[in-house]
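Presented below are the structures under discussion, each in the form of structure tokens.
Shared between the two complexes below is chain A, which pairs with chain B and chain C, respectively.
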Partner chain A sequence: MLVAGKACLILALAVCLYGIGASLYGARTRRREWVASGRRAVYALAGTAAVAFVALEAAFLRSDFSFALVTSHSSTTTPAFYRATAVWSSQEGSLLLWLLLLSLWSSLILFVTRRRLREIAPYATAVLLGLGAFFAAMLVFLESPFDRTVGPLPAEGAGLNPLLRHPSMMIHPPMLYSGYTLFAVPFAFAVGALVARRLNADWIRSTRPFTLGAWFFLGAGIVLGARWSYSELGWGGYWAWDPVENASLMPWLTGTAFLHSVMIQEKRGMLKTWNVSLVLATGVLAVLGTFLVRSGILDSIHAFGASTLGVPFLVLIVAMISGSIWLVSSRAAELRSDHRLDSLLSREAVFLLNNLVLVLLCVAIWWGTFFPLIAEAVTGRRASIGPPWFDRFTVPLTLVLVLLSGIGPLIAWRRATAANLRRNFSRPLAAALAALAIALVAGAGSQPDALIMFVLAGFVLGAVGQELVRGTRARRVMAREPVPLALVSLVRRNRRRYGGYLVHAGMAVLFVGIAASSSFADERDVELVPGQAARVGGYEIEYVRPTADLVAASNGRLERIDFGAEVRVTGDGRSRTLVTERSFFPSAGPMLGPVSRFFEGEATSEVGLDAGLRRDVWVSVAPDTRRLEPRVEEGDEVFAAAEDDLAPAERDALLAEALRGLVRSYADDPPPATFRLLVSPMVTWIWVGALIVFLGGLIALWPSPRAVSRRVTAAYAARVGREARAPV
Partner chain B sequence: MAMDPARKRTVRLVAALSAAVVLAAALVYTSFSASSEARSPSQLLSQAEPGKTYQLTGRVVAGYERNGTVTNFRVRDRTGEVSVPVRYEGVLPDPFRAGREVIVDVRKKGGVFVGEKDSLVTKCPSKFTAET
Partner chain C sequence: MDYLVILVVLALVVLFVSAPLRRRRAGEAAESAARADLEAARDAKYREIRDAELDYRTGKLSEVDWRALDRGLRAEAVAILRRLDDLESPTSGRDGRS
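Here is the complex of A and B:
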């Protein structure tokens, strides 16, 4: 299997190199058979990458420790579900996943456009295969996932990092990588359009579902990451301006900007330079995102990677940037706008402003993310900046953005008149005032940023609601449909528009959740013994009793020790019990004793959460294991002395007995435990808002029946045309 | 009176460029003034302005003392014996032990360095993955 996998990767690299040559040769000489051959090289790349990925996945599932990668990232005690996901917890596995996803998306777009964009597609194929070749070369020469384990076959592997044992980690990385690789598609077609000098909106229209898909997947990945942080990391937050979070946010921001500004190009033929620049920047940022996660150049809890990838990635990024700049500047004449901006009071101007704000956000986040490197280059000393610095820039910019997301759908194209403004803005403004009143009554007046956000969210929801009501009403009158049917057919017939509006509404809801939970949370760290209680945010939280457990995996091997607490939360006129735990996973360090390794490895938090629309009560515990230290040391010594006399099975049984005794002693005589207690309002709104956003995204993504029929008609017309011209 | 389009474009370009310059200056200025420099205990001992945040890196000295949620410990140079006192309030990360390498954002207050909330991080000696 190792050899077969390796052969697949070498084949993948060869296929990429061949396909680049075939596409470029076909484009130069206008020989279609070579272009088609280049396209088939992409399909072949998808095939070889898939075989390699399946081989690796199979090795993880059956715990084949002859694979060095399986030994270092999985174990028989890792549950099967997480063995499957452990593939992409490794550097090599995630690069392979990147290559696989890239080749799948590339195959899809090239298949869909096989009879269109004939001048552009060969160059786009070459760009996509160029990216594929880069990743294939890394997998072949630098980070092979198919290396053999050195020395004798180990009986057990190191296991999956326990922090990654969470359901959302199953889908978070593939989502992010889908987003990154999908952004490669519009990037490649933009390059193709620039090279071929075909700069109308055709390539934008053909790649739009991919751009939207990239935006969708990247966004979903970001939210899943936030959710994971909230429920697994034990600090109570969902966003920390960590370099890897920022890395995924930056292309998402420029991608969002692009999705808006292309509408101006389609409608008015303006902003062509801006659009290609945005999409090229997004492509570069997507690769940069992968680079940040995988190179470990910035300290981050996520940056698991080694640094061997730094130089090749830098070369790739520099090549992408300089190529982009050269292409855009040498095509300046073809990128000239067909129209000029008529008025600053127009939808175009609002879109332009929204683009500026999104790009500014991206620039500020970029600066903050790379600040440690910048500071070291300038002052020679490493320095870092924390979340408050990011907030200083992102909070005001986000407020402006939310405001614009309400104005955009209301204002007229070209030039808004006073009548247009009066007609469209009065009701949303009333909604904003209502939101202000509600927020003030609820006591939000003390936090101006949050208060402004609530008002703006009211405005956006009012605007979206008004547009939906108006459209439905018009449809009901025109088509004589009952209200629910009228609403459905309204949305169905204008998927992009109303999907987009729903996204705006969802973002408003999401930001209400962020504003409320970041401004009005009550948090306390307290030390409690069983029976003792603490008050936080109007709730009384009592440490009822300790929990302690030695957990064995399904194959009987010891997996972890859980120390936790049962707490009772009283407030709101009711009382409920929550359980929070800290799980201690054994370290694989060779110098550690058999008992102490359980307390020197990674630990994860299982948060006790009582979620609600109004507020979340969130509890995590940090058990104090110091009282166990003498017994742990004693256990290590006993086992070290008896090491040679015991058979492995005997030794395992005794170890389990010793650990069980340790666990029991914690439960019987619990030391004081430190709790983090958090009462945070409206966190749930973040997840609900995100769901609304993704629903809107899905609606916008879904191909409209008219587009399908248009495509069929166009194909039919083309055939008729061909046949009419054919000699009879 | 309407401006001629060429002039209007120049005005817009100048306005956009100056806005960009202002933003860039704001980014540079605020980031450098808000940043916390990485320091070792001996560097911190020889020079530390009160009120400014530093990122302290070093090893935990044996014999730290915990009082409720407040922990008082000393951090010494990675190689060497010079150490500084640190007071940290809040939950300790799990592998917090004597001899373990830690990073913590601190501010000088009187004779001690007070840790910022949630800033204490331990560097694990044995990474879970084999590659370290």
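Here is the complex of A and C:
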């Protein structure tokens, strides 16, 4: 299937190029059959990309080492789930996943709009196929996933990077890439609208589900990455302002801004220039995110130069930026607003401010991410920007954002009166005061930023609660329904509004978790021997005994050595046992001995975690393996001397015995181990808040039943009155 | 086997992508596209009408402001419905009959 896979990618590229030409020709000559053919090219791209992807997936699942990619990123000992998901652990596989997802979402939007947006869709098709052609070309000419293994087929592959053997880490890339590729849809339709000079809200309405879907998937990917970092990387944190993290956050921020500001364009015909610029920037940032991860530029500016993908990506990004700027500036007349801002005390004004804050956040993060790279390019030395720099800008901006997320639902469109404001703000302000009292009693007064966040979160939750209560009450008056049914009907008939409110509430809960865990965490690094204990955050943590294990895969191959510790955590009136481990995976390096390779490869951490609503107790261990070095060296020498005398099966059996001896010696006479102990309040609220956010996003995203479209004999006004009451 | 797969995929792609060119459908509706666009605009307008009423009932709009806004939105909705009706029967009068 190597040849078939390669051929599918070449065909995908050819289909993209044909489709671009057919769509543009059909648009310019108004010949519908060519436009339809261009649209079918997108469907065909999805088909060929899917065939290629399935071929690669099948190769991974059956461990076909004739595929160089399978040899370098999988093994027979890799569990089936990770073999299936190892496809996108590689550069080539992730590019193919990008192409597949782009083609699927493009097919969906073009199918849904096949009878609409006649003037815009062909240009959008061309843009989507242009992006497809870019990725297909990279797969064909630069990073083919269908290269054959050089030389004789190996009996075993290199295996999946152990750091990626975590469920959330394998779902994280498809989520992120779904987000990136979904943002390509509104980007393409914005370009189409600009080219066709059709700049009313039609294209926004049609692409909204895809924008919301992109926001949803990208957000889910970001949270999954944070969860993986917290539970897998052994440093105790969930966000480090790492460039890869920032790359996914930036388009999510501008996408969030766009989802808010388009409401203003839909209702009032305002902010056309701003909205189209925002969605174009989001599309560019989505490609930029892929560029950051794939180009090698994060290793160093020089690695970028050596990478095969860096320059093509840079060319694409420059083309997207310059094309966007030219289109927006040349369509200035059509982008003029239909109305002006009526009042600074209005939802429009709040949304504008919200947009400003989100864009400022993005700019700050962009600068912090790229400044080290720019500095290295200019001075030759790499500068370093760490979390304190980011926090200096993002913390105050986030506080303002949370405040606005509470004000937005309470304030009317166009103009709010003083009476409205009094009526709508009094209860949420009371909730904020209650939150202040609770936070002060709980001892949060020592951290002003965290205290402000708790108060603002109280305000937001009070605002959302008030909206739900009042909306339910209004629904009861209008439809005479009991309270539970009225609440369900209210949300069902106003999915976008109340889904959005739920998102705001979820974000408030999430930020409470971030504020509490980052401001009030207690952390210690200590060295302990069995029987010793340390105190942190009001808990006593005792190193009870070491754990040690040699783990083999189901086919008998030695997979890893685990050294860890069982610890007893005492506090809160109870005692429980946690286990934490460090797993050592063998390196494939040819110059390493059979015993030492286990300590020269990748290592992963399994943290001991006692999670709760009030606090998490988090423990990780870094075992000291230096005491084992003499035995490791001796083992290498023995095996080197006996290499010619041992059959492979004998060798493996003796190696297993030697490693078991090593493991036993660690367990019987453990050296002091270094522990990182962390007691972190309210971390669980971050994950709970994220779940609430995504529930709100799903509600907003869920399609409503179509309104009654059959026409009836009636006067227009009565018809509007009747049909407007049906959910849309 | 690989070459068979390639041939099949290639044939399918060519047939599928070229199908619209081989069966040029006459009179395919610019009208159906216009109807779909108008129906989407109508649905969006209905949503705005309901949103405005909900804003009034949850205390964000005064009754005076709501009624003014509601009148304007309903007038816009009526205009969309007229355009939809004109698409269906461009020679009929504006009597609202189907």
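Here, the second predicted complex is superposed on the first by the 693 of 728 C-alpha atoms of A that agree within 3 Å, B and C clash if a C-alpha of one lies under 4 Å from a C-alpha of the other, contacts with A are read in each partner's own complex, and residues count from 1 in each chain.
Everything that follows uses one rule, which is that a contact is a pair of C-beta atoms (placed from the backbone, for glycine too) under 8 Å apart; a residue touches a chain by one contact, two chains touch by 3 or more.
Everything quoted here is computed from the prediction, not taken from an experiment.
Enquirer: Contacts for A:Ile411 in the overlay, against chain B (first) and chain C (second): which applies, first, second, both or neither?
Expert: Second partner only.
Enquirer: Could you say whether A:Cys8 touches chain B, chain C, both of them, or neither, answering first, second, both or neither?
Expert: Second partner only, chain C.
Enquirer: Go through the superposed model and pick first if A:Arg427 touches only chain B, second if only chain C, both, or neither.
Expert: neither
Enquirer: Which of the two partners, first being chain B and second being chain C, lies in contact with A:Thr674: first, second, both, or neither?
Expert: The first partner, chain B, only.
Enquirer: Identify the partner contact of A:Glu527: answer first if only chain B is touched, second if only chain C is, both if each is, neither if none is.
Expert: first
Enquirer: Touch check for A:Pro388: first (chain B), second (chain C), both, or neither?
Expert: Once the two structures are laid over each other on A, A:Pro388 reaches chain B alone.
Enquirer: Determine, for the superposed model, which of the two partners chain B and chain C contacts more residues of chain A.
Expert: Between chain B and chain C, C touches the greater number of residues in chain A.
Enquirer: I'd like to check the shared interface: which positions of chain A are touched by both chain B and chain C across the two complexes?
Expert: No residue sits in both footprints.
Enquirer: Quick one: in the complex, what on chain A touches chain B?
Expert: By the definition above, chain A touches chain B via 71-73, 90-91, 158-159, 161-162, 234-235, 304, 306, 340, 360, 363-364, 367-368, 371, 375, 379, 381-386, 388-389, 392-393, 525-527, 582, 584-585, 587-589, 591-592, 600-603, 620, 622, 674, 676.
Enquirer: Which residues of chain A touch chain C once you look at their complex with the stated criterion?
Expert: Residue positions touching the partner: 1-4, 7-8, 11, 15, 18-19, 32-34, 36-37, 40-41, 43-44, 47-48, 51, 115-118, 201-202, 205-206, 266-267, 410-417, 419-420, 423-424, 467, 470-471, 474, 477-478, 493-494, 496-497, 707, 709, 711-717, 719-721, 723-726, 728.
Enquirer: Report the residues of chain B in contact with chain A in the complex, numbered from low to high.
Expert: Going by the criterion above, the answer is residues 5, 23, 27, 30-32, 34-38, 55, 68-69, 89-92, 94-95, 105, 118, 124-126, 128-131.
Enquirer: Report the residues of chain C in contact with chain A in the complex, numbered from low to high.
Expert: Touching chain A from chain C are residues 1-3, 5-6, 9-10, 12-13, 16-21, 24-25, 28-30, 32-33, 36-37, 39-41, 43-44, 46-51, 54-55, 57-62, 65, 69, 74, 77-78, 81-82, 85, 88, 96-98.
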